[in-house]
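Shared between the two complexes below is chain A, which pairs with chain B and chain C, respectively.
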Partner chain A sequence: MNLQRIVALAWKEWREIIRDRLFFALAFVVPAMLMLLFGFGLTLDVENLPFAVVDYDKTAASRDYAYRFISSRYFAFQGYAADEHDVDALLADNKVRMVLVIPPRFDERLGRGEPAPVQVLIDGTFPERTQTSMGYVAAINSAVSLDNMAHALSRVRGIPLPEARQRVQPVKLEVRYLYNQSVKSIWSLAPKLIMLIMMLSPPFLTAVGVVREKESGSIFNIYSSTVSPGEFLLGKLAPYVAISIANAMFLWLLATWLFGAPFKGDPLFFAFATVLYVICTTGIGLVISMLVQTQVAAMIVASIVSIIPAVLYSGVLLPLPSLSPAASMLAHALPPMYYTNIVVGCFLKAVSWHALWLEVLVLAAYAVGLFGLGYLLFTKRPKS
Partner chain B sequence: MNNMTNGGLFSVPGLRRLRVMTQKELLQLFRDVALMVFFLYSFTGDIYLAASGVSMQLKNAAIATLDADYSFASRELASRFQPPYFQPAGSVADARQAIRRLDDGDVMAVLDVPPRFQERLQRGEQVSVQLQVDTSNSVLGFLASSYGAQIVGKYALEAAAQREGLAAAGGIAGPLVEADTRVWYNPNQNDAWFMGISELLTVVTLFSILLPAAAMVREKERGTIEQLMVTPLTSFQILFPKVVAMTLVILAGSAIALFGVLGPLFQLPMRGSLVTFFLITALYVFTTAGLGLLAATVARNLAQVGMLTVVILMPMLLLSGAWTPIEAMPPWMRGLAWISPLHYFLDAAYGILLKGVGLDLLWDSVLAMTGLGIIVFAAGMRRFGRQFG
Partner chain C sequence: MAGSALVTQTMSAPAIRVEGFIKRYGKRVAADGLALTVQRGEIYGLVGADGAGKSSLMKAVAGVLAHDGGTVEVFGTVIDSERAAEKVKQRIGFLPQGLGLNLYPDLSIEENVDFFGRLRGVPGAELAERKNMLLGMTRLDAFRSRPMRQLSGGMKQKLGLVCTLIHEPELVILDEPTTGVDPVSRRDFWAILGKLLEEKGITALVSTAYLDEADRFHRVSLFHEGKVMGEGTPAELIARVPGTLALFRAEPQADALPRLKAQFPQTEAMGAWLRVFAEGLAPEQALTAVEASLGTHSPPVGSNSFDHNRRSADRGRINSLPRQADTASLPLVGSNSFDLGWESTDSGRVNSTPRQADTLPPQGCLTQRTIRLSDWFAREPELEDVFVAMLRQRGARLDTSLPADAPAAAPTSTLAIEASGLTRVFGDFRAADAVSFAVPQGEIFGLLGANGAGKTTVIKMLTGILKPSSGAGRVAGADMRSAGLAIKERIGYMSQAFSLYHDLSVVENIRLYAGIYGLDDRRARQRSDWVIGMAGLAGFENDAAGRLPMGLRQRLALGCALVHEPRVLFLDEPTSGVDPIGRRMFWDILFHLSRREGVAILVTTHYMSEAEHCDHLALMFAGRVVADASPEAMKQELITSAGQLLELRVDRPVPAQNALRDAGFANVALHGRAVHLLSRDADTDRERLPALLDKAGIAVQSVGLRPLSMEDVFVQRISALEEAGRRPA
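And now, the complex of A and B:
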């Protein structure tokens, strides 16, 4: 290892990057842009769910009941439908995602103190959204039921309404939301976006950067020079790691300042873990670049092995506990999951070394492993 | 004349050139072995993993109980937190231990039943129980608290009915509203259908942007584009075969994914017309490829294309409506979703495969995709023509 050669190589690579103005700009702009787009646009909350009502009862009671849904911010009322046949087309054409059908004699049954059935038709195309909307429906229905019960009880027993209300609801549930007390999705999302974006851009940058030399043939200059494989890899990758670390810092600023995500953890620990993570994702790009010969293949492979696991198996969109064994194994075999635990821990839970040492260790092992593999695959005497 | 009858339609010079150029593109594609291996994996293994491995629902969330009452009533309440949503994970002795288990991610929720719960319940007082939920994942946190509220609400109502003498044989006799919820199109809430289709669309999108963009820029970088420019080919005859070749390959991949993976292994219903599905897929690939080519005319080398496609791809994949409901997005973001071809393709693909709808309902999506396709293609051709014409 000759430090001077490494520095010279890094300098050469750096100049090559800056001279490609568009590439240089993109290397910095892309992560920030993705952060802004996803931070503002990627709402996992289910709100304004379009729905229609079929009211066969047409009484004050049925209208009051429908109004509970109409006035809720979770639902966006699209109008009354005449009967269930109209509803088929509305659901099929995505004009509405839910239909509330109030059968005849709704008012009459409730007035007699009997349970009244209603029907809720939900579009099941997106299961997670369906589940959430079913939760909303159940919450509104149980509030209506409690109200009705309280009114009935107060009439029958001749007790004041507040007392009746208390009697029909002997057990109250208080929910305490830990780590993210407002369940604002941007709070839990912004830290994970750092993970997601740092999984996307470094492999691309690196893989294409290395394969470019292979494809254009300028790598033969390296093969025939005195530079050793280790020096080449370190020098070549240093600028990419530096760019990515700068990006990660900027994303952290965006997450805390712009999106107001609380950062409760230890900044030093977080910085250390982030550098490790960036080295890992750069290493992924390195290994890809060793395995493929063309830049096209490098791009495709980079996108398959970075975009898809980062989206599906990192815990951003999909809850990790509900992964199947095979997918869970994949999640455990890739770095994003570990870094997700670290960012979530640092931002929302104020935990550091004692709870996350294992994650850091895994990332370190990953970084060493990837660079080791890249080193082994890199040979100055290519076949053919 | 003789020539016309022999070669058929392809002897018309323009069409013959298109055919030859398409063949060239296909050959070039098939010779990149690493690329083809990944292509096949993406349309089979990757889709299989996504469809089999991921579920967006709250399943078996570990819940511990902090029972300070140790009574029949408190045990009864705790025992109602059961699979499929919850999985009892023992009890904790005190609040500190509860927090530690939540910190470690060992349990997702802790049900906290106060002392004298049963006694106060019997005396007719109102008792509060607490549910502490880990909401680091806000979607799951919401679902857990929502199910928790339903379970406790039902328990409370039953307890009240018992005490007030409202209990009937079949349940509770009172003016309750009972919802009979029917889930359409995917009644068993099979996540594999959603995930499988979503992943197929993701992979299709990925390849239809990357392949043409990369193929284009590679010619630019190597200079072979100059060779093409000196041939009698027009810029349309150069660009169009690239897209045709990629479309053919991607359609073949989609067919493998549908008939080799999603159909036989996950019983995906495919209720609508498959001909319509493949036609719309071809239209989508075409439109998206136009986007890729447009990016390629902006970029001078592959590294630039790589970054540009990430900028186009990621927002398209995450903001078109598969992962986040369009209705819940801020208005300006909804505007962006409307210019994303994937947004229309999502409607069409889920519509045809799950809902069984046809062109009578999908015409607007098809129209929008065609419009977008023409615009990006025209823009790409214009830029290409100016650069090399």
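And now, the complex of A and C:
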């Protein structure tokens, strides 16, 4: 190992990244931009779902029932419709996603103690959202029913309303949300975005950075000199690792300051794990760069190899336990899942070494394995 | 110590020894049993077309490519593994192919040099010293902080050389360092390289696609399709295929060409001239044989047909041939208008005196099939002639299936292409500046110039792709600014990249172009057959275009540009990378098109030797046309203004070059072991120069006149312009 050569390589690479506009943007602008776009764009909370009401009954009871929905923060009331035919167009245009149809004699049936059917029309094009909104509808509906029952009981038995309420629902849920008290999805999303972006950016940068030397022919300067493969990899990749670490720090700032995610864990532990993860993802780029010959191929392979595990098998969108056994195995075989556990643990759960040592170990193994593979694949006397 | 024995052994080993070298890429065999030996201190050349195997061999020698068979030995070390290659890499400098491609475009000149120096572990003080020396020598030191991407082709090439030499290697491997660089920079490059190698005692392995650069080397290997066709000094190689190279006029030229081709396959039309390599014939035999094949021998006395012995005496157009047996070479004769140094170089003395001669009187054809021969010159062949002859001996064929007896196109004076004051401004850069020239129907017109001189801009304006800022271009009588589709159908265009679809077959490519030009089915079929016949593609009809050899692919691209029978043809660097056989066939086709079918052809090329195929040349420099004449006229003008070309073979070329410069010769260039210079008074100089050099302790083996090449013309003109540009106005 000759330090002068490593420094020369790293210094050259650094200057090239800084001076090449495209590379500069890829290195410093794209990660932050992704964070902003995903952070503001990808919210999994279903709120303000537009809806309309068709009230054929037009009584106090029916208005009261509708009002329960109108006053909910999960629904955004768009107005009353005269009849069902009017709402078809609204649903088709996405003006409303849900319609509540209250039939005639709603009040009368309730008064008589007969079943009073209410029709709910929900846009099913987006199953995730449909399920969630259906849950809201059912919850509001049962709250209304229970309330009505409690009122009736209180009237009939002459007992006070609170007691009547307690009688109709003897089992009462006491929910405490842990780690994310207000159940804001951005709190959990922002840390996971650090994982996602640090899975995309370093492999892309590294693979393109190495392959462009192959494509231009400047790699022959390396091949024909006495630089050892180790010196080359260290010098060439050091700037990419450094840039990615800086990016991870900046994303952390965005997550905590801009998106308000709490950071409860040990900063030192988090920094250590993040550096390890960045080395690991840089290693993915290195291995890709050894296997392809053109920048276009490098970009395509890097995108596929990084986006799919980062989005599907990391737990950012779907909880891991709900994956199929095969998918779960795949998730366990890829690094993003482990770092997801680390970021979520550090941001929300305030856990550290004792809970996450296995994850750190796996990432370390990955980093060593990927760089080892890159080292083995690198030859200064290739076949073609 | 055991090491010292090893050292003495490696000290005595040749710099490079290659035997039975084989390299395959998949199924394709790039090098098939190559062998060569390079001695220390030699400048060794690998000469051949693209795909001949030069790069594979050079990379293997540099230790950056694993080969499949044979032995590669560098400084006595067998390169058979990465570990073995590492042992010699510090002693090697490698410049890969592609102008400036191995440099870092975002780094400045100085940063590039520093990077290479540090990469090679050159200590700081030495690095600074060498950098100053090399940048000074290459005249790059004024641009130290300029980013490499903003350098001209010539500067990139020199920077590449500096970076390759910064660690003072004992062996430099330079892969096509001069391809695509203008002749002035190229000459400069050879001068710098020659000087550095001589001073430092460096061995060099250099490849080139230009056969006319072979005389820059001490020894060369001729490469063709993965095999070595011959190895030796350029003179030895030329001597390997004895014969005579003849240049003459024959009227009508278009009738003479097929008759000559029947007997001399290596016959080419060079503008108004014919160039014949008569293999195995002495000069006078060549003349007899040429006359015989033209049907001009033993004509009835007093008839109108040509009789050189009688008529030349009184008309002076063809000089009589002395039949002395004492000289193997033909006493060369010629009119003053073409005394460009043609003589037999082995005699070392002028054995002919230029005589006063008439210029060719404008005479019509006497009878339909009578061919008149005039202005006969003969000399020893050039390396390219010998190379082509070698390839022919191995079965390469030069004939195309063009109808030889097609009627010659009636001469017309219609202008096919007319540029008048064409100007194109990009920002404050004048890419083309008041460019004017005219090309009559049936003429081959060459546009010469370095990369960035404005050739492509002019072609784009003439084909209507680019709007001129001012001025007008007329093609086939229509102004290109207002011309619509109709005019475009009269134009054929073939770009440098051979715009073919590589995954389509030959026939599919032709049919596609036929479709684009709106040919109906019947005509498309007819033209398709014509293209296949013309390009010699029979048997390849269903092969993918991308898998064809370069020469065939080039002729297919030409065929596609001709599928709609255009009257005007634009060719942008059409022969880059094609082997000499392919280039010859290509020019044959162009000649046929211009002479038989009356097509006007505008061609750009960076092969200076090819410029001589053109009837007329325009030389572009910095967006302007700086010369516009026939090749002979340009050469003649150079002789008038700067003198004739003298070649001195000497024992120590670099000191000889310096001594001659000190003696006041401005244009002294190194060519391997010889020095070339322009002399205003050739007769006196060839007498006095040996004595002059003898005083400097340099032995002169021979002095002789050399024919001027278009490169000489180009370099002279551009240097004068650059000189004028540097001088404050």
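One rule holds in what follows: the second predicted complex is superposed on the first by the 366 of 384 C-alpha atoms of A that agree within 3 Å, B and C clash if a C-alpha of one lies under 4 Å from a C-alpha of the other, contacts with A are read in each partner's own complex, and residues count from 1 in each chain.
Simple rule for what comes next: a residue touches a chain if its C-beta (ideal position, glycine included) is under 8 Å from a C-beta of that chain, and two chains touch if they have at least 3 such contacts.
Not measured: the values here are computed from a predicted model.
Residue contacts after overlaying the shared chain place A:R5 against chain C, while chain B stays out of touching range. In the superposition on chain A, contact of A:V227 is made with chain C only, not with chain B.
For chain A, the partner that touches more of its residues is B, with chain B and chain C as the two candidates. Look at A:D20: by the touch rule set out above, it reaches both chain B and chain C. Within the superposed three-chain model, A:R105 lies out of touch with both chain B and chain C [touch as defined at top]. By the touch criterion defined above, A:Q131 lies against chain B but remains apart from chain C after alignment on the C-alpha atoms of chain A.
Once the two complexes are overlaid on the shared chain, A:L317 sits against chain B while remaining clear of chain C. Looking at the shared chain after the overlay, A:I304 reaches chain B, while chain C stays out of its contact range. Residue overlap on chain A between its contacts with chain B in one complex and with chain C in the other: 20, 216. Those residues of chain C that touch chain A in the complex are listed here as 25, 59, 62-66, 81-82, 85-86, 89-90, 92-94, 96-98, 101-104, 106-107, 111, 114-116, 118-121, 147, 163. Taken in their complex, chain A has these residues touching chain C: 2, 4-5, 7-9, 11-12, 15-16, 19-20, 216-218, 220-227, 379-384.
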